[in-house]
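Chain IDs A, B, C and D follow the sequence of writing; residue 1 opens each chain.
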Amino acid sequence: MFDTNIVVIGNVLTPPEWRRTAGSNTLVANFRVASTARRLDRETGRWVDGNHLRVRVNCWRRLAEGVASSVAVGDPVVVAGRLYTRDWTDSEGNLRTTYEMEAVSVGHDLSRGRARFFRTRAAA
Amino acid sequence: MFDTNIVVIGNVLTPPEWRRTAGSNTLVANFRVASTARRLDRETGRWVDGNHLRVRVNCWRRLAEGVASSVAVGDPVVVAGRLYTRDWTDSEGNLRTTYEMEAVSVGHDLSRGRARFFRTRAAA
Amino acid sequence: MFDTNIVVIGNVLTPPEWRRTAGSNTLVANFRVASTARRLDRETGRWVDGNHLRVRVNCWRRLAEGVASSVAVGDPVVVAGRLYTRDWTDSEGNLRTTYEMEAVSVGHDLSRGRARFFRTRAAA
Amino acid sequence: MFDTNIVVIGNVLTPPEWRRTAGSNTLVANFRVASTARRLDRETGRWVDGNHLRVRVNCWRRLAEGVASSVAVGDPVVVAGRLYTRDWTDSEGNLRTTYEMEAVSVGHDLSRGRARFFRTRAAA
């Protein structure tokens, strides 16, 4: 079977946090993103709010660097990645399920602003 | 902003249930689907299990009919649709969040079997 | 960079053809699919035809078997896979470009019919 | 049926060109994007080039503004949108088919650089 591909177009809800993993010292950053779909109401002919989505986005290595240095709360973004379920046990012993995504690409949404981009020099 | 498009390739976890909505008498069916990604391990060169996903799938109108009459637990399926967050309050007053998808298309995955298909006669 | 993921919901245009590759004797099937988007016209409030798409779909191994034994012209299908460009030279020496997709999953669209599915017995 | 959703992660091949449509004076920008998938070779254990894709991207209204003012040749980008086929007749009367995408969002890929973003002030 295959990865569950997903694209979220929305706004950054929380400031990106980053850390290095204990074992491999790999950089990882995460933030939450929110999206509200818009749909055309057939009866009124007006655009109205549709479904909402909020999800945590995990970014690794170079993407973590780019996100940590470039993304702030409220920024409009496009996030492409894979959705998965994480199962855990809370402090009272209850089984809980969280949905998260691992991003393969994050960018500022140019339909809602302008950007100056500084490309990373490729490693030799 | 836009709908959050998602495609899940996995197996049906629960028997599809269906009902009609109170107000508009619209047919709606739902089931749960599970997917496990496979990834090539760089060190061993073998395919191993990657991320897991379980999610509830809601189907409306004609898709609900097709799903209710064709899909059973364990069937391998491909599901295309939109992901969203549903917020609710549990019996103890705690705010809870669930992720669900509204399917636009569901089909049996022909990489894992064969199918005989009977097309619905289009309404006059 | 990453594969270009794509999902097509449409109808089968051509009967699936299949063959075995010369070197590895791998089964491959292909067919063409057509899709027409529908969009809500803001001025009339009616649904009208939007963009069209026609594309060749290549299926490998078990998916080729399932498709070759189950899919016929006119069938409504959902196809998930990856889009790519193929460059070639025609008989007059002109450089030509074709777009094709490699499917990871194909299924009959249950919003437009019912199906009986026979699962392949997993290899021991 | 539904729009054919697609996400391309790649590099800008041509400088964005923009114009206003004759009738409605709507701003539209276009550029070409190229993407090369990477895949893990099972025999050597190394990452090698996989499929290629080149496609023209059309952007409308605010997205056209953002793209025209922010995107240059060579920039790494993530593009989410819809794929469609455009049929036309060349100067010798031959029927030709082109594939294009209409973008709903374009962003600089933060896995390959850093960005400063300036949000458009929302219209009153």
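Going forward, a contact is a pair of C-beta atoms (placed from the backbone, for glycine too) under 8 Å apart; a residue touches a chain by one contact, two chains touch by 3 or more.
All figures in this text were calculated on a predicted structure; none of them were measured in a lab.
Novice: Considering B-D alongside A-B, which chain pair is linked by more C-beta pairs in contact?
Specialist: If we tally the C-beta pairs in contact for A-B and B-D, the bigger total goes to A-B.
Novice: Given the pairs A-D, C-D or A-C, which one repeats the contacts seen at B-C for over half of the pairs?
Specialist: It is A-D that repeats the B-C interface.
Novice: What is the distance, in whole Å, between the centres of chain B and chain D, each centre taken as the mean of its C-alpha atoms?
Specialist: 30
Novice: Rounded to the nearest whole Å, what is the centre-to-centre distance of chain A and chain D, using the mean of the C-alpha atoms as each centre?
Specialist: It comes to 21 Å between the two C-alpha centres.
Novice: Taking the mean of the C-alpha atoms as each chain's centre, how many Å separate chain A from chain B?
Specialist: Measuring from centre to centre gives 22 Å for this pair.
Novice: Show the residues in chain B shared as contacts by 2 or more other chains, in ascending order.
Specialist: Residue numbers touching two or more other chains: 2, 5, 7, 9, 80, 104-105.
Novice: Could you pull out which chain B residues touch chain A in their complex?
Specialist: That would be residues 1-10, 35-38, 50-55, 82-85, 97, 99, 102 of chain B.
Novice: Please name which positions on chain D make contact with chain A in the complex.
Specialist: So the residues of chain D in touch with chain A come to 5, 7, 9, 59, 61-63, 65-67, 69-71, 74-78, 80, 104-120.
Novice: List the residues on chain C that touch chain A in their complex, please.
Specialist: Chain C residues touching chain A: 2, 5, 40, 42, 45, 80, 104-105.
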